[in-house]
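Given below, in the form of C-alpha cells, are the structures.
In the two complexes below, subunit A is the common chain; its partner is subunit B in one and subunit C in the other.
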Partner chain A sequence: MRSYRRTTIRSTDRLRLGPGAKAMFNRCVAVALAGGVAAVAGSMYAQDSYRRFMLAYVTAFAFVLSLSLGGLFFVLIQHLTRAGWSVLVRRPAEILAANLGLTAVLFLPIAGAVAIGGGEVYPWAGGGAHAVAAKAAAEAQPVQAHEDGHALEAGAAQAGGHGKEGGHEERLAKKRAYLNPPFFLLRWVGYFALWGGLGYWYWRSSSKQDASGDHRLTVRMETLAGPALLLFGLTITFGAIDLLMSLDPHWYSTIFGVYYFAGSAVAVLAALIVIFAGLQRAGYLAQSITVEHYHDLGKMLFGFVFFWGYIAFSQYMLIWYANIPETTGWFRTRGATTVAADINGWTWVGLMLVIGNFVLPFVGLLSRHVKRYRPTLVFWAGWLLVMHYLDLLWLVMPEFGPQLTLGVVEIGVLAWVAGLYLAGAVYLAGKHDLAPSRDPRLPESLAFENM
Partner chain B sequence: MTSMTEKSAGLSARVHVKVDNTSDDPRQREELILGDNNFSTITDRVTDLAFRRTPLAWYVAFAISLSLLGLLGVCVIYLLTTGVGVWGNNVPVAWAFDIVNFVFWVGIGHAGTLISAILFLFRQNWRTSINRFAEAMTIFAVMCAGLFPALHVGRPWLAYWLFPIPNQMAMWPQARSPLLWDVFAVSTYATVSMLFWYVGMIPDLATLRDRAKGRVAQVVYGLFALGWNGSSRCWHRFERAYLLLAALATPLVLSVHSVVSFDFAVAQLPGWHTTVFPPYFVAGAVFGGFAMVLTLAVPARQWFGLKEIITMRHLENMCKIMLGTGLIVAYAYGIEFFTAWYSGEHYEQFAFLNRATGPYAWAYGVMVFCNVCAPQLLWFKKCRTNIWVILFCAMCVNVGMWFERFVIIVTSLHRDFVPGSWGMYMPTWVDLGMLAGSFGLFFTLFLLFCRFLPMVAMAEVKTVMPAAHATHGPDRYDYQPDPDPVPPTLPKSH
Partner chain C sequence: MSETHYVSAAHAKPAGPPSWSALIGEFADVDAVMAAAEKVRDAGYEKWDVHSPLPIHGMDRAMGIRPTILPWIVLTTGLAGLAGGLLLVWWTNAVAMPGVPTVFQGYPYFISGKPLFSLPANIPIIFETTVLCAAFGAVFGMLVLNKLPMLYHPLFRSQRFRRATSDGFFVVIAGDDPRFDARQTAEFLRSLGAVGVEHLET
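Take a look at the complex of A and B:
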C-alpha cells in the first residue's frame, strides 16, 4: 500500500466556520431583505409589474437552481470516477447540493403562479384565451415593425407558431397532456424529492464520515453515483424544459436540457473557485487547498466553458441553418438575428454571451499561468457567474418584451433569492467541517500535484 | 490454435501473484499491471510479439481479412467501371450504405482519440495499456470511412475538387455545405490522429530498433525512430509534444462527429433536423468505438499473452465508459421521441412513429435491443468482469451502432412529406460486399499493425508501474500504490 507523508488536514488549518458563520448568515439575510424591498418597490413602478416580477423571479430561481444542480453533478461525478484529487474541494459542492431543500421552498412562488392559473408567466398555465392575449400584447411591437414593411423573413417566422392565433391554440391543445398545471406541479414535487433527497444524502453521508472515518460510506456513495447520475440527467432535462423552455410553449429544441446542464456546470465550478478564494482569504483551509486544486478546477471550468459554447453553437447554428419557422421564432424573440426589423434589446445580450461567455473566457483561461494564479482565476470565475446570469436572463426575459429589462426589479429579485439561498448554504456549512476531513482518499488530495 | 491458447495460459499461470485488480476499496488504489513484471519484462513481452515466430492464428486471421479485402477490391473495380448505380440507393433514399458505413467507421475511430487524448488529460493512467492499439484502430477506421464518400462522389479521381484549389475554371467548393466541412473535419482528424499515434510510438520504435536482429528491420525501425537516444532532452521534448497533441486532439473528438451530424441536422427533414444531434453523435461514436476496442482487446490479450498488461480492470473500465455513453445515446433516442410529440408538428411525429412502427421497424428493433437493452447488463460487476458477457455486449453495440445510422438515414429518407414520393430501399450485393470488404481492409491493417509495431505503449505503461515512482518520496501524488516507496539501492534525495 502506498504511504503518504500526510494523511490528515494540518491542525493549524481552520476547518470550521465557527462564530464567523453567524455574521455571514446575517449578512446574507440582510442582502436578501434589501433585495426583496428593492424588487417590490421597483416593480410598483414597472409596467405590467406582475409578469415582470415573476419572470425576473424565474430567472433568479433558475440561477440558484443551477448552482445546486451543478453542485450535485460535481459530487456525483467525483464519486463515479473515484476521484482522489477533488476530496478537499468536494464539501462546498455537497453543501450546494444539500441546499436543494431550501431551493424547493424558493420554488413555491413559481408553483403558486402556475397553480392560480393566470397564464401570465407560463402561457400554457392559463385558460387559452388569456394566454393568447398576454402573448399578443407582448408581441405588439414586432408586429408593428412588420407592418412598417420590413424584411420578408419576419413574415415567414410570423406564419409559424407566433402570430397565428388559431394555430396557436390548436398546437397548445396538443400539448395539454404534458403542459398543464397539476402535472407540472407533480413533476416538480418529483424533481425536488429526488434532487433534495440525493443532495441531502450525499452531504449527510460525507459529513458522517468526518466523525466516523468509515470507508464504507465512500463505497456506498460511489455505488449510488451511477444510478443517481442517470436520474439526474433525466430530471435536469425535464426540469429545464418545464422551467425555461415552456415559457414559450411552442418552441422546442432537443438539446435544451443539455444547454441548461452546461451552464450549470460552468456556474458551479466558477462558484467553487470563488468560494475557496473567499474561504482562504478569511483564513480557512489556508494550507490544505493549494494552487494545484485551483489549477484542476480551472481546467474543468475551461472545459465546460468550451462545452457550453459548443452546445450553444449547435443549437443556434442548426436552427439558423434549417430556418424552419417553427423553431426560428424563439431566436427572433431574443433578437438573435440579422434581420434589421427583429433586432431588439436582447440582440446585444446575445452578442455579449457569444463574446463574454465563450470567446473571452476561452482565450483567458487557456494559459496554465492564468489558472495557477489565484487573482486571474477568480476574476474569470466571477466573470462567468455574471455571464451565467445574463445567459438565463436572455432565456427568460425576452418573453416579457423586446426591450432589454435588467433593472432594479431583476437585480433586486436576484439579491433576494440568492441572498436567501446563500444564507441557507452558510447555515449548512456551519454545521460540519469545510472539507471531508476523514475521507479515505484525502491523502491523495493533500499530496496532489499537477506537474 | 490450441497450442496458442495453451501457451498463453501457461504464461499467465507462471506469474500470477495477484489476479483480481477490480476492487474499488477507497483506502487503496489497485495496481494496473499484474504479475511479477518489471520494466524489462514489459519490454520483453511487447517486443517479443514483433520478433518471435508469427503464430498460426495470425496467418488464419490474415488470410480471412485479406480475402475480404479482395472482395472490396472487386466491388470497387466493378463500381468504378460501371457507375454508382450498382448501389441500391436511389431517390427517395439517395443516401444509404455508403453514408451509413462512412458514419459507422468514423465513429469507431473516436474511442482511440478519446483514450489517447481525453483520458490522458483526465490522468486516467489505465489508458496506457490500451491506447496504442486503440489509436491504430482509429487510423484504420478513418481510412475505411474515407473510402465511402470518396467513391460516392462518382469520379474519385476528381475528389481533389473538394479542396479549394485555385483553378482556371473558377470552380470552388460550396462552403455552406456540411459535406465540405466533413472534408476538412475528417482530414484534420486523420492527420492529427496519425501524428499523435506516431509521436507516441517513437520511443517504442527505438526499442524495437535496438532489439531488431535483421538488417532490414533495424534500418526501417531506425528510420522511423528519428534518432531517438533516450536522453532526457529527447524525453522532455517528447512529453511536451505529447501534451500539446493531446490538447489539440481533444476538441477533435467533439468536432469530427459533430460535423458528421451536421450533414443530417442542418437539413429540414424530420428525423434529421434535431438540435441534440452533435453531442448525441459524439456520444454514439465513443460508444461504438469502445465496443470495437473491446472486440479487439479481449481476443488480443488472450492470444498475445497480454493479460497482465491489459487486465480485467482495464476491461471493466472500458465497459463502464461503454455503459455511460450508451445511456447518453438512449437519452437521445428518448428525448427525440418526446420532443417529436411535444412539438405538435405532424411531420415530426410521423417520422418517429414510422421509425418504430413502419416497414423498417425491424431495423429499429435491432438498434434498440443492441444499443439500449443489451448494454444494461454492464451495470453489474459480475457481467463487467466476464469476458463472454463483455464480448456479447460489445458485439451487440457494434451491430446496434451500424443499425442506428441505417435507421437515421434510411427511415428518414424513405417516407418524407409527400406520400407520392415514398419508396423502399434494398441493398445490392455490391453494397453488402463493400460493407464486408471494409471490415477486410480494417482487419488486414490491424493485423499488420499487431505483427510489426509495438502493440502496447511500453514506455507509457512503465510510467504507471510502482517502480517508476520509487524515488519521488511519499508526498508525491500518484495513482499507483507503491509497495516499496524508497528502495535502498537508490539515492533518497531526488
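Take a look at the complex of A and C:
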C-alpha cells in the first residue's frame, strides 16, 4: 500500500529489450522462413493449391490484423477513459497497433490476388457476375428432401433449388458497385492509412513521452481517442466485410463486423497476457507489473469471451430463425446443422468453437482465483489465441471445400505471416522502453490494487 | 495530543448498564490508520471496523477480512435462474401435461416449422432469467451480508465520528469484543498513534 508514493519504475526493473531483441528478432524471422518453406512445399502436394494457399493466407492475415486492430482498440479505449491502471500494460498494445504498417505490407498478396488473380479467392473479383453464378451453381449440391424438415436444411434446399439461377446473379451484379477490385483496393488503402496512421501516431507520441515526460502528449492522445474510436468502429466493420464476408459474396450478415471485432478484442487481451508472462519470465518489468494488472486484463478477457459468444450466437440465431435461403447457406457451408447429409468437416470445428471459444473459457475464467494465478490465466490466454485462429479458419476455409483443411499449408502460412509480424513487433519494441515510463498516470498504475 | 472523552449524552442515555459501547480511535491519515489496523488485527480483536471517507486499497488485508461469499451466492442464484428459465420455456412451449388443469398448461405453438422445444429460440429467455437472478443475488446478497438497510447506528451519536465522511480516519472497537477492556483498549489505541480516543456508551 505504501508504494503509492512510488512514482517511477524501479531502477532494478529491466525496461529495455536491449541485446535480447536481436535474438528474438532472428528467432521470429527463422520461424517465418521455416513456415514459408513448409507452406510452399505443402501446397505443391495440395489439390487446387493456389486457392488453398491464398485462403490460408487470408486466414493468417486476418489473424495478425486482428491482433493489431485489437491493440489499437485497447490503446484508444484506455485513452478515452483516461485509465490509470493500464499505463504499465499499454506499450505492447501500442507496438501491435504501430505494427499496422507492416500489416499493410502483408496485405499485398491479397491485393495482388484481387487485382490480377481473377475470382479464385474472392469470387466477385473474377470475370463477371456470370462466372460467379456459374461457380455457385456448380458448387450447389443435390439436396434430398427430408421428412423431418429441419430449418437449416429447408433453407438450404431452397437456396440449392431455385434461388441460385436468376436471383443470385442479379443481386451480385448490384453488389458490384461495391465489390469490385479498384474500389476494394482503394478502401484498403484508406483503411491502412487510417489504422497505420493512428497506430504509428499513438506509439510515437507515447514513446516520445518516455524522453520528455510532456503531459500535453497525454492530453492530445486523449483528445484524439474519441473521434479515432468512431472511425475505428466504422473501418473495422467494413474491413471485416471486405476481407472475410465477401469470400462468399452472396451472403450477408449485418453483425459480421462486430463478430470480427469481438474476436480481435479477445485476441489482443490474450496476447497481452501471454506477452507479459513471457517478458516477466525473461526478467523484464519483473516488479512493476503485478498480479493486479493480470487480474484486470483477465477480467477484460473474460468479458470479451462472453461478448464473442453473445455476438456469435446473435448472428446464428437470427439467421436460423428467419430461415432465409440467402443467409442460411453460409452456415450450411460451415456444417452448422443437425441434418446428417449436411454435416461436414467444419461441423466439428464449429462445435469446438462453441465449447472451446465460449463455454469452457467462460467457466474457466469465471473465478477471481483463476485470473489472479498466473499459470491458469496464461493457459486460458494461450488457449483462446488458438481458438481465435480456429474461428478465423472456420470463417474462411469452408469456402475451399467441405473437408476440414488444417494441414502443413495452413500452419506453414500462419508461421510465415505471424513470424514476420512478430519480427516487426520485436523490432519496434526494441526501440523504446517496454512501458510508458514517464506517463503522468504511471504512479496510479504502479500502485494499482483491485481490492 | 491524545485525549479521552467520556461522552455523557444524558438525554439519550437509558438507565442501567450501557446496551452498546465502543472505543473510537481517530487517526491522522491513511498510512496511520492502515498501520493501526494491522496491529489491531494482530492483537486478535474480532468486533471492530475501520471507517474512512475514501476507499483504502489493501485495507482488507490489513484488517484480515476473509474473502466474501458473495460470488457463491451470485453463482447459485444465476444457476437457479438458468434452471428456472429452462423450465419456463419447456413448460410454456413444449409440453402438454395430461391431468393438469388448462390454466396451468403451456401453450404449444408451432412457429415456422421449428421444433416446439428448440434451444436457439429459447436461449435469449434463459440468458435473461440467468442474468436477472444473478443480478438479484448480487444486489440483495450484498445488502443482506452488509446488514443493510441500516438507518441508524449508535456510532452516529459521536460528534467526532461525523468526520468519517469528510476527513477523519477511525478504528472502532466494539464493546462486546471478547478482548475489549475500556481502559486497556483505549491505551492500546493511543499506543498505535491515535490522535484522539473516545469511549462511546449508549
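In this text, the second predicted complex is superposed on the first by the 412 of 451 C-alpha atoms of A that agree within 3 Å, B and C clash if a C-alpha of one lies under 4 Å from a C-alpha of the other, contacts with A are read in each partner's own complex, and residues count from 1 in each chain.
One rule holds for everything that comes next: a contact is a pair of C-beta atoms (placed from the backbone, for glycine too) under 8 Å apart; a residue touches a chain by one contact, two chains touch by 3 or more.
This structure is a prediction, so every number in the text was calculated from the model and none was measured.
Trainee: Figure out whether A:R368 sits in contact with subunit B (first) or subunit C (second), or with both, or with neither.
Mentor: second
Trainee: Let me test your reading of the model: by the given contact rule, A:Y321 touches which partner, first (subunit B), second (subunit C), both or neither?
Mentor: both
Trainee: Please tell me which partner, subunit B or subunit C, touches more residues of subunit A.
Mentor: B
Trainee: For A:R82, using the defined touch cut-off, is the partner it touches subunit B, subunit C, both, or neither? Pick first, second, both or neither.
Mentor: Once the two structures are laid over each other on A, A:R82 reaches subunit B alone.
Trainee: Taking the superposition on A as described, I'd like to know which of subunit B and subunit C A:D48 touches: first, second, both or neither.
Mentor: A:D48 sits against neither subunit B nor subunit C.
Trainee: For A:E449 in the superposed arrangement: first (subunit B), second (subunit C), both or neither?
Mentor: both
Trainee: Using the touch definition from the top, say if A:R441 reaches subunit B (first), subunit C (second), both or neither.
Mentor: The first partner, subunit B, only.
Trainee: Shared contact residues on subunit A for subunit B and subunit C?
Mentor: 1-2, 317, 321, 447, 449
Trainee: Okay, in this complex, where on subunit A does subunit B touch?
Mentor: Residue positions touching the partner: 1-6, 82, 84-85, 171, 174-175, 178, 215, 218-219, 222, 226, 230, 233-234, 237, 241, 250, 252-258, 299, 306, 310-311, 314-315, 317-319, 321-322, 324, 326, 439-441, 444, 447-449.
Trainee: Which positions of subunit B touch subunit A when the two form their complex?
Mentor: Touch residues, subunit B against subunit A: 24-29, 121, 251, 254, 258, 262, 265-268, 273-279, 327-328, 331-332, 335-336, 339, 342-345, 379, 473-483, 485.
Trainee: Using the touch rule from the top, collect the residues of subunit C that touch subunit A in their complex.
Mentor: Residues 31, 34, 56-58, 60-62, 71, 75, 112-114, 120-121, 123-124 of subunit C touch subunit A in their complex.
Trainee: Touching residues of subunit A toward subunit C in the complex: what are they?
Mentor: 1-2, 149, 151, 154, 313, 316-317, 320-321, 323, 366-368, 447, 449-451
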